[in-house]
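Note that chain A is present in both complexes that follow, paired respectively with chain B and with chain C.
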Partner chain A sequence: MKKPTTGIFKFTSCDGCQLSMLNLEDDILRLTELTEIAYFREGEDNPLVGHLDLAVIEGSISTESQKKKITDIRERSRHLITIGACATAGGVQALRNWADFDAFKKIVYPKPDYIDALPASTPVSEHVHVDYELWGCPIDTLELSEVLTSFLIGKRPGIPAHSLCMECKGKGIACVLVSREEPCLGPVTRSGCGVLCPSLNRACYGCFGPMEGANIETLSGIFERFGYSADECRMMLDKMNTYAFRKERTEKS
Partner chain B sequence: MKSRLKDFFEVLGPSYRIIGPKIENGVVILAEIKYGDIPAGYRDSQKPGRYRLSPEKDSQVFSFSSGPDSFKRFLNPPLAELFHFHRFETGLGITSPPFSEKGGISETGLPICFMGIRACDLWALKLYDRIFPGGRVRDRTYESLRRNSLIIAFNCLYPSGNCFCLSTGTGPEVKDTFDVAVTELKDSFLLEEGSARGKEILGLLPLGHAGERQSLEKRERIETCKALFRKSIAADELPEIIFRNLDHPHWEDIARRDLECGNCTQVCPTCFCNTSYDFVYPGGISGEDKCNLELSGRRLRKWDSCFSRDFAQVHGGNFRLSRKARYRHWMAHKLAYMQDQFGLPGCVGCGRCITWCPAGIDITRELEALRPHS
Partner chain C sequence: MEKKTLRIDYLSRVEGEAGVYAEISADRVKVELRVFEAPRFFESFLRGRSHQDIVDFTARICGICPVAYQMSAVHSIEKIFGIEIDGRIRQLRRLFYAAEWIESHSLHVYLLQGPDFYGAGSAWENRAYLPFAKRGLAFKKLGNSLMAMIGARPVHPVSARVGGFYKTPRKKHLTALLSELERAYEQSLSAISWAAGLPFNSALSGDSAAWDFEYISLRHPNEYPMNEGRVVSNKGLDESMDSFAGITKEYQTEYSNTLHSNIQRDGEKTSYLVGPLARINLNSGLLPSEIINAMKESGVAIPIKNVEMGIIARSVEIAYAFHEAIRIIKGYEEAGPDAACDFKTRSGTATWITEAPRGMLIHHYTLDDGGHVENCVIIPPTAQNAAHIERSLHNYLRRNAEKSLESLEKGCEKIIRSYDPCISCSVHLVKM
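The block that comes next holds the complex of A and B.
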């Protein structure tokens, strides 16, 4: 049987999630036996030709040419999955979506005329159909290997869509929100990080994005009772998953 | 006299893994403990969505109440490995996890002793004993961990601000399901046997004889405790309050406050739902023979929650899509269906779901709001 082909693509991002792939170590060697890596700029130099069984996308769509490129990749691929906060939620660069983009450009670049970018950074799912989204900034390497292998062997990825609290309680961590009034985003955030921050006695700040059905209004109301202003509550969500949190808040509440 | 509690640890230490209360980051949790770990003299203040612990000047040894943990973490672990599977070029292999066949021992090789388990949790334990080993499907993980476990129960002296076991008939006094019951008196501990093994253990301790005076003091202390309860539910009107109000507008009100984070279900000692799933490791599970191996994986089982969107997801969609439907299902299972299912109360009145709900949703108040007021 012919091995399935995989292509790994980068759009606007920091490369950290692709690097997670190289960090898979033992697993990456087995993965290359399960699939033929047809395109992976971070690891090798082959040009993109023909069709793919699996396209893995890192990075958000933030230029006109990227819009064309993502459509081209989708048309070549049987399955397309996104990895990380940029591809799945627009990334930290989506903060510009609610700001004056031209003013931003002028602050950063001496000659902003050369900058060819869209005024908004958007997740891949705003442009093409996405078969699976792996959240996180950065993604968890174990989850990545689970998702890749699942797609290659045709099984449902064993990744839950529930809140971080579920994972946190499972680990027996004392709740920082209830016992200390820390503004912890756990109740509205997807699990997957292994409870990094609450394990270190800190509040979750939402790296894995909003869980499905996140009740952001209620949680912000709780933080306001703790003494945070409405503005501060909004800023807590305005990080690498800003687009997804804002969308969840305005569309679902 | 009270320092003689240490004898317990000395007698049980070599043969049991003692699980009991200790303080971690300002919260009483359950963990493997030594005598010195007991948060003697600490009192907790529990309100809806709020927990604080502080030392109390002239309090007793056991003046704190339950924290988020219960026995459930140890007998029905949050994440358990059911088996490993391996795909070779020649076929599929399955291996059992290391502990399932040995029976009655935990990871350390010793049976568990629960030190300081309360009446509410004993009712939950009784329920678990009915569900896991005694149900239609025998749960080997639970069975092997539970088989030789030892229960040292404590009578509560102070209910937390969120406790309501008095109204559910599940506390504060321990009645059965224990090996030894302990009541803290003014100057000593009163120890009572609840099983043959309990009697054996009491025989190993240098105890004085308890008489009428101690029994009387125990009664007085339990009565004093009963007078301190601030929360209750109308248990005698259940399950009707739920069944007659399935379309009550109050469910919508709860849904607005509900975070659907699942914390209530994770801390609830009777919530037993779990889910199993496969996690694959293309490079093989570390430490295993990788010769001719294509891939291997773990069948895992973990605590689930009816608040999770995955929970009611079936082919074609989710049959409990709204937040209202999910909360109603949870509360109805606790306060109505579980009694029918297993013949035991589904809510033991421990109040954990009230304390550990970040939104402070209070099951006693929500039930009261559904109740018709004449």
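The block that comes next holds the complex of A and C.
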């Protein structure tokens, strides 16, 4: 049987999620036995030709040419999955979606007219159909491994969709929110990171994005009772997954 | 000779998105390193953010060297707040940084640049290369494990904070890595002679001996530079971090989202090189004798001025980072509950530079009384090297103009790759 083909593509991002692919280390060489990596610009010289069984997308859509590129990749691919907060939720660069974009450009570039960039950075799913979204800034390598093998062997990935809190309780970590009164986003954030921040006595800052049906208003109310202003509460959510948290919040209210 | 036009649309085996455009005729060469990686405007959205947000956000500039961003950030902020960090924290930060050097250099040496010397298009395409790919992946994995032990994960670690760490690792956990680190260190010593023996192509670097360029790095009186030091060069530059920031000038080109850097002295502008080659050339006297001996036995002579031989400098630094990791772990003292010192926020302005795997990473912040960002400037190593890369390509194309386009394209790709450019980093730059 012919091996299925995989392509790995970068859009607007830091490269960390593609790197997580290489951080599979022991598995990466086994992965090249399970699938033919037909396109991976960061790892190999092959040009993109023909069709793919699986397209793996890192990065958000933030320029006019990327809109064309993602449409082309979708048309070539049987399945398309996004990896990481940029591709899945627009990334930290989506903070510009809420700002005066011309002023933003001027801060960084002396000649802003040379810069090709859209006023908003958006998730891939706003542009093409996405078969599966893997959350995280960065993604977790074990979850990545689960998703890749699932698609290559044709099963649904077994990734839990519950909150970080559930996982944290399961590990028996003292609650950062209740016992230390710190603004922990655990109750509204997807699990998947392995409860990193609370295990370092630190409040979760939402790298893995909102869980479905997250009750953000109630949590913000608790933070306000701790003494944080509404503006400070908003900034806690406006990070790597700002677009998704704002969407979850407005769709709820 | 007819005019030739060279186009590389999308470079492979480099981090990020860039291409090359060049026009070559008998008497003139024009070359552009075209960075089309989309900009992300970090300096803009950092405004108004808290000091901890700086540490978490700037890490997101680069998935390969997040620790570098966190280190330049915490040091800048600590300088503004007037914080003196504990010696144990200082050592732990150095260990954290060494782990990142291992991870980043191993990626470049073994997975990105290495295949070029074996005529391979990737680390997994050619069976003869597999043992080297495996060695690289093993080194990288160990670097990642060490990063994760300190920062909870290797990409965008979460433990770093102003004044120290959220939590510091237990000595017994670090010690458990020692035997593996010692084995890797032995291998990394022999890898120096492997790197030194690679078939370097004199055509790619034929003129670098004649090209008397300037290279710049930090220098510390008693250790190989990572987090601290003065800014020095082979041309007599010797500046504090603040005064160096005053003589670098960034400029924008129409064809690139990366701003380029020059240093300006006495009205003259010069491109310069930062990174492992600059560091090793300016600081090799501070390397442990075992590593110096391994270099001598492999015939490595300092200074190295052929940029393609950056792979030797990276291999030496991998060995050094393993050596340093072992030394720090052996002398490690747990900080206990005092993982971070207490401090009060205050307003001010500061510049700090640390040695990212790819070279000096300059951060500059102005904070308000509450420690929120009023203004910031971030100059990554690749932006500093951009003008130098173009000079290098220019020299190469001028001297080899008669060669076929295909061969020139390959040559340009190899030259660029040998700089280990980090394009995602490079599109975040300074306000002029």
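The criterion applied here is as follows: the second predicted complex is superposed on the first by the 253 of 253 C-alpha atoms of A that agree within 3 Å, B and C clash if a C-alpha of one lies under 4 Å from a C-alpha of the other, contacts with A are read in each partner's own complex, and residues count from 1 in each chain.
Here is the rule we go by: a contact is a pair of C-beta atoms (placed from the backbone, for glycine too) under 8 Å apart; a residue touches a chain by one contact, two chains touch by 3 or more.
No experiment lies behind these values; they were computed from the predicted model shown.
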Item to complete: Specify the outcome, clash or fit, for chain B and chain C once both structures are aligned onto chain A.
Response: fit
Worksheet item: Hey, is it chain B or chain C that touches more of chain A?
Response: C
Item to complete: Figure out whether A:Gly186 sits in contact with chain B (first) or chain C (second), or with both, or with neither.
Response: first
Response to the item:
With chain A at the vertex, the Cα centres of chain B and chain C span an angle in degrees (to nearest 10) of 110
Worksheet item: Which holds for A:Arg41: it touches chain B only (first), chain C only (second), both, or neither?
Response: second
Worksheet item: With the two structures laid over each other on chain A, which partner does A:Leu29 touch: chain B (first), chain C (second), both, or neither?
Response: both
Item to complete: Pick one for A:Lys111: touches chain B only (first), chain C only (second), both, or neither.
Response: second
Worksheet item: Which partner does A:Met166 reach: the first (chain B), the second (chain C), both, or neither?
Response: first
Practice prompt. Check the residue A:Val49 against both partner chains and state whether it touches chain B (first), chain C (second), both, or neither.
Written response: neither
Practice prompt. Considering only the touch criterion stated at the top, classify A:Asn201 as touching first (chain B), second (chain C), both, or neither.
Written response: both
Worksheet, complete the sentence: Rounded to whole Å, the nearest C-alpha atoms of chain B and chain C in the superposition sit apart by 11
Fill in: Doubly contacted residues of chain A, that is, touched by chain B and again by chain C
25-26, 28-29, 201
Worksheet, complete the sentence: Counting only contacts in the complex, chain A reaches chain B at residues 24-31, 34, 142, 145-146, 148-150, 153, 155, 158, 160-163, 165-166, 169-172, 174-180, 184, 186-188, 201, 211-213, 215, 218-219, 222
Worksheet, complete the sentence: chain A partner, complex, touching residues on chain B are 24-27, 29-31, 49-53, 67-69, 73, 78-79, 256-263, 266-267, 277-284, 286, 294-295, 300, 302-303, 305, 307-310, 323, 355-359
Discussion item. Under the stated contact criterion, what part of chain C meets chain A in this complex?
Written reply: 10-17, 36-45, 47, 49-50, 53, 56-57, 60-64, 66, 107, 111-112, 121-125, 130, 133-134, 137-138, 140-141, 144, 152-156, 158-159, 165-167, 251-254, 257, 259, 424, 428-432
Fill in: Sites on chain A touched by chain C in the complex
10-20, 22-23, 25-26, 28-29, 32, 37, 40-46, 62-63, 65-66, 91-93, 95-96, 99, 103-105, 107-111, 114-117, 121, 137-138, 193-194, 196-197, 199-202, 205, 207, 235, 239-240
